[in-house]
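In what comes next, subunit A is part of two complexes: it sits with subunit B in the first one and with subunit C in the second one.
This part shows the complex of A and B:
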């Protein structure tokens, strides 16, 4: 089985080094999909439904088509004509400027049959509520899972806590909105897409357009953020391709921010009715959860309860509820931050009833050996022992508190293929159909290849983000690094074998006698008489060395642990929660790049703080529209809200590469909520913890 | 098609004639931080846009016996001006609290005073609310956590300006210019409640503009401050703000002006709270009483009751800051 070198023999891996594309991104030199401007390119725009529920009776596009500069109008972009949320695509235009495209949208006359709607989760559950899908109830059949004997366990429990918790809908809010540029070359289509998966996008586009996959090429050079919502082909990509076909010109179609907020996915909300019990000795023995969530017109709002802790007797019963809102999509640790918010507070409530420190109670109920170590390490570093034993211990208006929560994540990653080309002048190209969604994948491709070949990272040309390159999966579920790194090591190993063979022939030595190190080849014991990298590659003549590689077992694994600690200040007169500092300890196996690993953890914490205190997608019950579709009222943390964040990567190089994208965002809100309780003695049962909610809790 | 004519006048005097006598047909462009949004969102579709930035001499801060600020002076210039910071602290602090550095560099004082409401129903193009000629103020039955607790009905917007409460508390006046000539108007008489003017927020005529803002010199012993409560510090409109101006003689308050922002359709003066302060030694108990009086007449909607508590706290904290 393949193995990584020991850490102390590594030049790059395990250490921190700058992103290769950092300067290009910081200076604006690199081009994102949003930035592309092809010769003759037209601008697409989508007409959104103003109604949360309606059927399209008739569309008259003649006035739009008559507008100078308008090159095409599509009136059949909606697959069924039955609209189920305000903001759904009704028609599309392509015009010579974005302004003309917007004018054209105003001139499309649509006759709707307006239908009753429901956007609120609890209202949608009532029997008299309007149905989102006429043929079925809004409340779907439950998914029930149970283990052990719950009734007996509750009878045996010394302490029991009960409560209802609520979390909000969060939107992905990628800085680069979803969108594509489509260009036909004969019957072949090129799509530049802001996507987390060039292959997934290609396959989806080919399927929707009913053309062969070989006729579609998808490119994503640089990408302005993806948290799960860009894992699939978008309707916008297909519409862009159709507009490009209709006009014979390239078409760029980027969603507007409001369209992005309603139609491009979200993290579903949650209502969780919880009951949990523990023994006097501090063992969690019983857990039951009845949960509801709405994924809008889509499915799967199920929280991952009970998440990190061992419960021998449990029952979860979850109901997905339809509402007239855009469908949920995978969002950084789907089902987890909301489950963590519930579970970690339940754990604290039990601990308090048992008169146990929240940390001690967790140590007794967490069978993960890595996290056992992390809890202790983090607690010592954070100064948990200085925590006041009782809540609401601060005097005065401003109160301080500490809280904690656990991070978990499961998936590994496999299946990537790669190609390495070593050119006669010494150049090294690595081709891999993965994509860099902002996590540093391009840099890791170069680093792993450089590490294996013993050459500087700058000498590697990492070529990614294109379906012309060998297959790699979509970047989701924290699978990219464990899927890509082994394939790159494998292809570099194979290239190294070939180079060793070429050098052996040159030296007239046995292959086993030849060593390749520091970018040179020599016979062992005779390093003075070495071939430089250029001399070695020149031995190819005119034919480059091309090798293929793939993911192999032994270099990566799955399943990580982490924990986070928060310290907050609560202004009890205004309800403002200020996070003072966060500590996150996170394992990720073998660290590929310490800088980007820490950056992932910090990013996860930032998104978690935003989820805890600010973000809340609000559907207006009166009109059925998304009432805060832009960043004016969909509030996301900014620089002035940032606490001190300390990220500690818990090294386990022997486990190989593991992804780190999702776990650091899971326990942040929970740790903050527990800290707010510790500060004030009031339990926050709903997210986000905005001043109005905190004041209400303080006065309850 | 939504085409408009962009006019670049060279003199202020030529502007009124360029403006239509009917609302909506023409618009003034200053910093553009609100107007361009309104145009892009298609909430406004004027036939002519008059670019005031082409007129020289409208951006200035003159300090002498009082303060005179040209209508096109940027918010950033006001926030940074030494004289303003020294003697008109409430205005400097208000200017500093506005939006982001980029917006402060673009936005102008005249524009800030005339900006349209940020109500999310008003700003949603597809919704025809009461202020856009519809039949309903959606905030009454809908989502109203950011709406008004004073002066509401039939519309429940709040006025979004930070500069206006500060200027009003300092007794500012406006120089206005229209087709019929110039007039001077107290800022306190500029804004109008929805019950008096549903479609607009002030008395400005369709062919009228603000040319300058004048602030009287503060009397001896005057101190002022502006305290703004935001959900998010990085960039947010006020949930509640307080402009407080106190004229003190020793520990006794001779005169007090308190104007609230973010809680009413206009900058909201609270005479009852001022009365609690005037002629009194400003003890903690007096400040608390004034804070209480500031919200005595509040009528919260279903989801904005927290603003009453916040108003009390902000009034008290603003006064504490001045008394310290």
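This part shows the complex of A and C:
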């Protein structure tokens, strides 16, 4: 089985170094999909449904088509003509400027048959509520899972906690909206897509257009955030392709910010009715959850309950509920932040009833050995022992509190292929059809190749983000690094073998006698008589060395642990919660780049703070329309709210590479909620913890 | 590009050009948004001689359209564009001049991703009309690079990993650059204030603070 070399022999891996595309990003030189302008390119725009439920009766596009600069209008972009949320695509235009495209949308006349709708989770569950899908109840068949004997366990429990917990809908709010540039070359289509999966996007586009996959090429050099919302092909890509076909010109179609907010995915909300019990000795033995969530017109709003801790007897019963709103999509640790918000508060409540420290209670119910160490290390560093033993201990208006929560994640690596080309002049190209969603994939490709070949990282040309390159999966589930890094090491190992062979021939020595190190080749014991990298590669003559590699066992694994501690201040006069500091400890096996790994942890914590205190997608129950589709009203956390954040990567290089993208965002809101309770003695059972809710809790 | 016409004012495609001292249109991006109820810019009526008409009309008049040729001074170069009066500086830069460092994210002045310097001051390019930018010194993130060398602020962003997906990065860089130009030795609180209008979804704010303070240490002033 393949193995990484020891950490102390590594030049790059395990250490921190600047990402290779940093200068391009910081100087505006790199082009994102939204930045592309092809010769003769037109600008596409989508007309959105103003109604949350309606059928399209008639569309008159003549006035739009008559507008100078408008090149095409498509009136059949909706697959069925039955609209199920306000914001769904009704028609599309292509025009010579974005401004004219916007004008054209206003000139499209649509007659609708308006239908009754429901956008609120609880209203949708009522028997008399309008049905989102005529043929199906809004409340779907439950998904039930159970383990052990729950009734017997509750009978044994010394303490029981019961409560209803709620979380909100969170939208991905990627700074680069979803969108594509489409261009036909004969019957072949090139799509530049803001995507987390060039191959997934290609396959989806080919399927929707009913053309062969080989006729579609998808490119994503740079993309402005995805967080799970850009894992699949979008309808906009197909519409862009159709507009391009209709006009004979390349078409750029980016969603508007409001369209992106309603139709490009979200983290579903949750109502969780919980009952949990523990023994006098402090063992969690019973956990029951009846949960409801809406993925809008889509499926799977299931929380990952119970989460992180050992529960021998449990039962979960989850109901997906349809509403007239955009479908949910994977969002950084799907099902977990909402589950953590519930689980960690229940743990705290049980601990309090048992008169146990919340940390001690967790240590007794957490069988993960890594996290056992992390809890202790983090508690010492954070100063958990200085925590007031009782909640609401601060005197005065401003109250302080501390809380904690556990992080967990499962998936590992999977099939990825790569190609390495070493050119006669010494150039090194690595091709892999993965993509960089902001985590630093391009840099890790170069670093792993450089590490294996013993050359400077800058000498590697990492080529990613294109279906012309060897296959790699979509960047979701924290699978990219454990999928890509082994494939790159494998292809570099093979190249190194070939290079060794070439050097051995040159030296007239046995292959085993030849060593490749520091970008040079020499016979062992005779480093003075070495071939430089360039001299070695020149031995190829005119033909480059090309090798193929793939993901192999042994270089990556799955499953991580982590924990977070929060300290907050609650202003009891205004209800404002201020996060003062966060500590996050997280393992990810072998660290590929400490700098970017820490950035991911910090980013996860920040997204968690935003989820805890600010973000909330609001649907108007009277009109069925998204009320806050812009950053003015959909609040994401900003610079002024930043606490001190300490990110500690817990090294386990012996485990190989494991992804780190999702776990750091899981326990943040939970830790903050527990800290708010500790500060005030009032339990916040709904997210986000906005000032009005905090004040309501304080005065309850 | 550089040495075309030195005129600091818009050059119009009609005979009714306004006098040279006319500095800008009388209608702002804010005003457009107000007229159109906050969403996409409203329907326009085609007229000629836009600029002169704009100057003559009362502030609440109906909107005008038509094409206007003008020159923008971007990163030290004079560049010609043909825009409608409602065209934002951001749209002109990105869609006509292909200066795409300034990013289009919210198009409503909410996120800071399109921050550029206009006469040295940070300005949201989505909230300024291209007409109003004519004759002014516009510097985008591309313009901070001198002879292929990154500005100390840009270099600090790279060194401190103050960027992830990178889509917000040019806006942050420009806000920090503007801060250091007026205050070469800021506190962290001042850095936070300076970038308070810039949103980052990947969550790299603490790295931005580090980068800004480091850039202040290495070289507060450019060049």
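We take it that the second predicted complex is superposed on the first by the 700 of 700 C-alpha atoms of A that agree within 3 Å, B and C clash if a C-alpha of one lies under 4 Å from a C-alpha of the other, contacts with A are read in each partner's own complex, and residues count from 1 in each chain.
The rule is short, and it goes like this: a residue touches a chain if its C-beta (ideal position, glycine included) is under 8 Å from a C-beta of that chain, and two chains touch if they have at least 3 such contacts.
As the structure is a computational prediction, the values presented were derived from the model and not from experiment.
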Next item on the list: Name the contact category of A:50: first (subunit B only), second (subunit C only), both, or neither.
Entry: first
Check: Which touches a greater number of subunit A residues, subunit B or subunit C?
Finding: C
Notebook entry, point to check: Counting only touches as set out at the top, which of subunit B and subunit C does A:618 meet: first, second, both, neither?
Noted result: first
Next item on the list: Go through the superposed model and pick first if A:573 touches only subunit B, second if only subunit C, both, or neither.
Entry: first
Note to self: According to the stated criteria, A:607 is in contact with first (subunit B), second (subunit C), both, or neither; which is it?
What the structure shows: second
Note to self: Applying the document's definition of touch, where does A:632 land relative to subunit B and subunit C: first, second, both, or neither?
What the structure shows: both
Check: Who does A:696 touch here: subunit B (first), subunit C (second), both, or neither?
Finding: first
Margin query: Quick one: is A:175 in contact with subunit B, with subunit C, with both, or with neither? Answer first, second, both or neither.
Written below: second
Next item on the list: Have a look at where A:103 lands relative to subunit B and subunit C in the superposition and call it first, second, both or neither.
Entry: both
Margin query: Contacts for A:223 in the overlay, against subunit B (first) and subunit C (second): which applies, first, second, both or neither?
Written below: second
Checklist line | Residues of subunit A that lie at the interface with subunit B and also at the interface with subunit C | finding: 102-103, 106-107, 632, 637-640
Checklist line | subunit C to subunit A touching residues, read off their complex | finding: 39-44, 84, 86-87, 91, 94-95, 98-108, 110-111, 113, 140-142, 144-145, 150, 154-155, 157-159, 161, 163-170, 173, 191-193, 195-196, 198-209
Check: Considering the complex alone, what residue numbers of subunit A touch subunit B?
Finding: 50, 67, 86, 102-103, 106-107, 573-575, 614, 618, 620-623, 625, 627-628, 632-633, 635, 637-641, 690-692, 695-696
Check: For subunit A, which residues are in contact with subunit C within the complex?
Finding: 18-19, 21-23, 25-32, 34-35, 37, 43, 97-99, 102-103, 105-107, 172-177, 222-225, 227, 256-258, 437-440, 595-596, 598-600, 602-607, 610, 630-632, 636-640, 642, 645
Next item on the list: Would you tell me which residues of subunit B are touching subunit A in their complex?
Entry: 1-2, 42, 118, 120-121, 124, 126-127, 138, 141-143, 145-146, 229, 231-237, 239, 303-304, 306, 309-310, 313
